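Order of writing sets the labels: A, B, C and D. Residues in every chain begin at 1.
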Amino acid sequence: MSNSYGNALKVTLFGESHGPEIGIVIDGLVAGTKISEERIKEKLSLRRPSGNISTPRSEADEFRIVSGVFEGKATGSPITILIPNKDTRSKDYSAARYIPRPSHADYTAFIKYGGNEDYRGGGHFSGRITAALVAAGAVISGALEEKGIKIGTHIKSIYGICDREFSEYNKDIDLLNSMLFPVLDEKMGEEMTKAILKAREESDSVGGVLETAITGLPVGLGEPWFDTVESCLSHILFSVPAVKGVEFGDGFELANKKGSEVNDAFTYKDGTVSTETNHMGGILGGITNGMPVIFRCALKPTPTIGKEQKTVDIKSGKDITHAFVGRHDPCIVHRARAVIDAASAIAVYDLILRRKAGEI
Amino acid sequence: MSNSYGNALKVTLFGESHGPEIGIVIDGLVAGTKISEERIKEKLSLRRPSGNISTPRSEADEFRIVSGVFEGKATGSPITILIPNKDTRSKDYSAARYIPRPSHADYTAFIKYGGNEDYRGGGHFSGRITAALVAAGAVISGALEEKGIKIGTHIKSIYGICDREFSEYNKDIDLLNSMLFPVLDEKMGEEMTKAILKAREESDSVGGVLETAITGLPVGLGEPWFDTVESCLSHILFSVPAVKGVEFGDGFELANKKGSEVNDAFTYKDGTVSTETNHMGGILGGITNGMPVIFRCALKPTPTIGKEQKTVDIKSGKDITHAFVGRHDPCIVHRARAVIDAASAIAVYDLILRRKAGEI
Amino acid sequence: MSNSYGNALKVTLFGESHGPEIGIVIDGLVAGTKISEERIKEKLSLRRPSGNISTPRSEADEFRIVSGVFEGKATGSPITILIPNKDTRSKDYSAARYIPRPSHADYTAFIKYGGNEDYRGGGHFSGRITAALVAAGAVISGALEEKGIKIGTHIKSIYGICDREFSEYNKDIDLLNSMLFPVLDEKMGEEMTKAILKAREESDSVGGVLETAITGLPVGLGEPWFDTVESCLSHILFSVPAVKGVEFGDGFELANKKGSEVNDAFTYKDGTVSTETNHMGGILGGITNGMPVIFRCALKPTPTIGKEQKTVDIKSGKDITHAFVGRHDPCIVHRARAVIDAASAIAVYDLILRRKAGEI
Amino acid sequence: MSNSYGNALKVTLFGESHGPEIGIVIDGLVAGTKISEERIKEKLSLRRPSGNISTPRSEADEFRIVSGVFEGKATGSPITILIPNKDTRSKDYSAARYIPRPSHADYTAFIKYGGNEDYRGGGHFSGRITAALVAAGAVISGALEEKGIKIGTHIKSIYGICDREFSEYNKDIDLLNSMLFPVLDEKMGEEMTKAILKAREESDSVGGVLETAITGLPVGLGEPWFDTVESCLSHILFSVPAVKGVEFGDGFELANKKGSEVNDAFTYKDGTVSTETNHMGGILGGITNGMPVIFRCALKPTPTIGKEQKTVDIKSGKDITHAFVGRHDPCIVHRARAVIDAASAIAVYDLILRRKAGEI
């Protein structure tokens, strides 16, 4: 149990990969917020598999809003977005019912739910479910943009091939939000694509790192003990399938530094307290300081690969080797971008509402 | 607002660095759990500043349990542990009231609370507060040990100087839990100590990485969307001051790998499904798989250093340079170990209770 | 914000009276629980308007389960039930957009949501939404029945006309659960029906009291401070439209009594501690004592009546009189029975899961 | 587990009747709120046993604030108030360890906590714990008063002897808040006192009803499904020991009425929408409408009485009769007033913060 995230804003996610519909309930969006179906479509398209670097499963991602929106605006009641599942090939999965994919949720779900889980296509653990999260994120990030808050993510690296750094945040964010394969250096993007195609040829997969910037945040979001900005963001980010590491600002690199090297000096800029550098990623003591919030998520390689792997047959109780057939992504990093953006928008909006509640 | 963590087990933390007492309420510990005051003392001693590599502030960490324990056992009602503050030198701080320390919570707290925060010694943001967390963790990890669950942490690195890998988890954990400066390779520990002393001499500070192993966990803890084991652990870990990165299993390194390189092959071991490797850190699909849960926390260098730094004077509204006097730690990595262990125990116990609730 | 109820079991309700669909997400139902669509139909039929004592709005209450159920059993993932809205006549309402019905939510919703609420048919405040609650309750009470826990409600009174007392709980409950107009004394039921029809003729409405019994509960459900059984039940019961009073056991009558008159003497019965009387309604110190849990809900008369009433026109800012046209219920007490049963099932199931979590 | 109440404001209650200290943590009080220790003392004195109509246990109710207050104002961090237990006579209780008092929590606590509960004086279930709630309520109602929100409660009835109705809310509230035995009609108060003294002579106890009015609330507090004002208030009110019924506005009396009799006509008053009557108790659709919020709590007679009663001896497994010695209250209605006021203040403040969060 716990398919909800958030406090003042709450999202509740439901659905299975091969069930009739997946969906999400958004509770707490401020009444009167404009809801753009166009924006939802656009964000869903950024997540959709495309070209030869993704799964051939074609997801139309048609959606419908069945509650909480009236005359184009949020009513203040829960907004529910439904996305029907289509193009499901459940037969691909039934053959391997008792053969858990290495590093996938098959085995843990089987034990946790006593074999009652809908195992087809990963069921409720499927990356498919993230489509609903992206739809909700589109609604919420739209509301944030109206308040001057922008969120953008680029592929920091895939299989060790690195993109360049952010240079001008807002400009870069706008650019990234228009790209299907979001990189700041197109050449490096081509190298990454080659690595993905090579993995695909080898029936293998590759991982990568996504780096996100959030600009326009007010000072004072987040709570010490235990809802720091890092806590709240990491909580939802680590719910995104494949994410195995999250770091803020200079993150792990800070561990190798001296305080004098990475402390961000305060300075007045246009009459406001600012910092000269941003090694802390816009968060001090768990609370936003007005600088861009910067973080990176490490995504493991897609666990489902076509190569023969060692695993077990739970039914017979024996070690076996197995090659998993089906339609899989050789890399989900670029598709995960839309999910990370959505998750970030949800976490940030919740923190803003909560700060509001602290200013009675 | 949100000084509570947890669902089925909930801890609520309170207190300021220079207030009369700090403390914690533990709600949900199963009635009948044995409570050892000796264990609390022991764990507090692992967090206490010691020798010349820590702050000279001497913290006796006397504590008293004022509720929830009767005849040595948990009653089922909330357990409250209080720790009085002593040896506080508030004057050290009042001078710099309007001069926020770079990379510390001073500035963000000032804005967030409108200048009403108790600024002395970092107030509620102070690392001092973690003493209460450690006390609670001692109670809870004691309960976990009775169920065969062990938690241990070593200093993976300080200022880039690395300890060796875990070799035998349970043995290593026992060893680490008896050490004030927890390293697996004593020689590297000496190098680290030297780096800390050098930072101290330079009125500077250094960061590091802590690596934690949790053994004995059952399969099936954690919830997909949005309370994965990674989500719940990272949530509380990122509440620990100085933590700026958290990664599970091979973490960020996974991003540079192929699926075939890091997928953990399943295999039967003593009749139970196990994995040959543990690149995923014991968590698949957000749920424990029975292997040790492994994670690392990156800790930034202590922000408070004696060196002169650029900052601002909020009162005069001017950029200034300032050298912060006071008693500070040149490194808090070794002391943070006890906090990370405590936080982990709290998160794990909560997940166990929640799994129980799912098995009606 | 807060369309969710529960802790270990959580339900999230969404939809508006005249939107495309209403629905509910059930999160936390134990995996493997049998799900009977037949049972959902049956419970929905108990809530449906029927005959001349209800609104002529015909609600087919077709529903579909779009997640969380696989091969007839709960998967452990959220179960989502959708009910499309049909036979909506939105035009009935637009005329009176700015004329709030006395004692209805029109005015408070208008202010709360700044005029963005879907005002048609009461929108999210409509009794219509309770259909989804009833569907969820059917699933959950089915699970409770498998554990020997029964819930039944009779109309204690309508417009002052009283039913007889419960005599034999389990037998009475079975009887009531098969009746559309649930009374223990059919003659009194006829009197009640007459009162309703008279109210209808007069374009008026009448209120009543529902009395519920829950049998088969284990000892020990509920938590002192602040989740007593009374707290948790009343919380959800007071969310049911029209409920303005809730009392447990002898309730308000206890205020007129001496301790010696109403203390329930303990006694051994078949080797188990039992009580000779049940003035406390099966709850001591906020915790179940193994006796039937008994409570009553007072329901106000339906606020929407056809009679001319004094109200205001918010647009013109003037006092007016107005007769509200549309299809309304002269009494919703008998229909609310299914809602109260559903709400009770949800609260009880949550308490059971939570008790389980306390027994690690 | 669940000794916390609230969302945006959260209180956590701890302590046992005969433990070292009881206390409460208040999390979410807006930074800068003035904290008056004098006010806390005053409110505690209203709850304290006094004269011959209460227990002879003398409770000094000394308290200390150990966190969250700095220079007389809330810091924004959790406020913790501790109250040491004094004058405890634990021996009174040990004799009857295995003899549960009828209608008291003794038996249910014993089963729930497996005999680990601190049984002395009711332990965590004791009315004693409400002193901490009253202290917290004093802080919070002080903050509410600064915003023009007043809370007052009178004894509506004791053992059937009734006080007069509220006539002028704000004036009556001021009067009641200065009285130890809060009645609007002093003569009826004397009758009530006689009834209490008679019960005391008979080693018996009597129950009563408390009626509360809250004025100055803004329109729009409360949430439909499932956090209506009634839901939130009743949740905390039913946590107060002895409360067995809660009703809003005309409450149970509404069940005997026609819509045309009790619908509250809207009318403009000084340019604001108001209602001519207030049968609904200031709440429509679960949301405040700007009229005074009115509710009544039924309190059962104190279960602990000196008379011989039938009960069981859990140790021997036999039915027995027993006269419970110790210091008990023949009536707790007047003392419970301060608790009801405190609980109401907590619930209202939380609702206000939550409404704030909905207005981003």
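Annotations
Here, a contact is a pair of C-beta atoms (placed from the backbone, for glycine too) under 8 Å apart; a residue touches a chain by one contact, two chains touch by 3 or more.
Quantities reported herein were computed from a predicted structural model and do not represent experimental measurements.
Farthest chain from chain B, judged by C-alpha centroids: C. Judged by shared residue numbers over all numbers used at their interface, chain B and chain C contact each other through mostly the same positions, with over half in common. Chain A and chain B have Cα centroids lying 26 Å from one another. The geometric centre of chain A is 46 Å away from that of chain D, both derived from CA atoms.
A separation of 38 Å divides the Cα centre of chain B from that of chain D.
Multi-chain contact residues of chain C (touching two or more other chains): 1-4, 7-8, 13, 28, 31, 76-77, 112, 124, 224, 354, 357-358.
The touching residues of chain B, counted against chain C in their complex, run 7-8, 28, 30-31, 76-77, 224, 352-354, 356-360. Residues 1-5, 7, 13, 100, 102-109, 111-112, 124-125, 129, 157-160, 199, 202, 204-209, 219-220, 223-228, 230-232, 234-236, 238-239, 241, 243-268, 271, 273, 275-276, 279-281, 284-289, 296, 298-305, 307, 309-312, 314, 317-319, 354-355, 357-358 of chain C are the ones touching chain D in the complex. For chain C in complex with chain A, the residues that touch the partner chain are 1-4, 8-10, 12-16, 19-23, 25, 27-28, 31-32, 64, 66-68, 70, 73-80, 82, 112-114, 116-118, 123-124.
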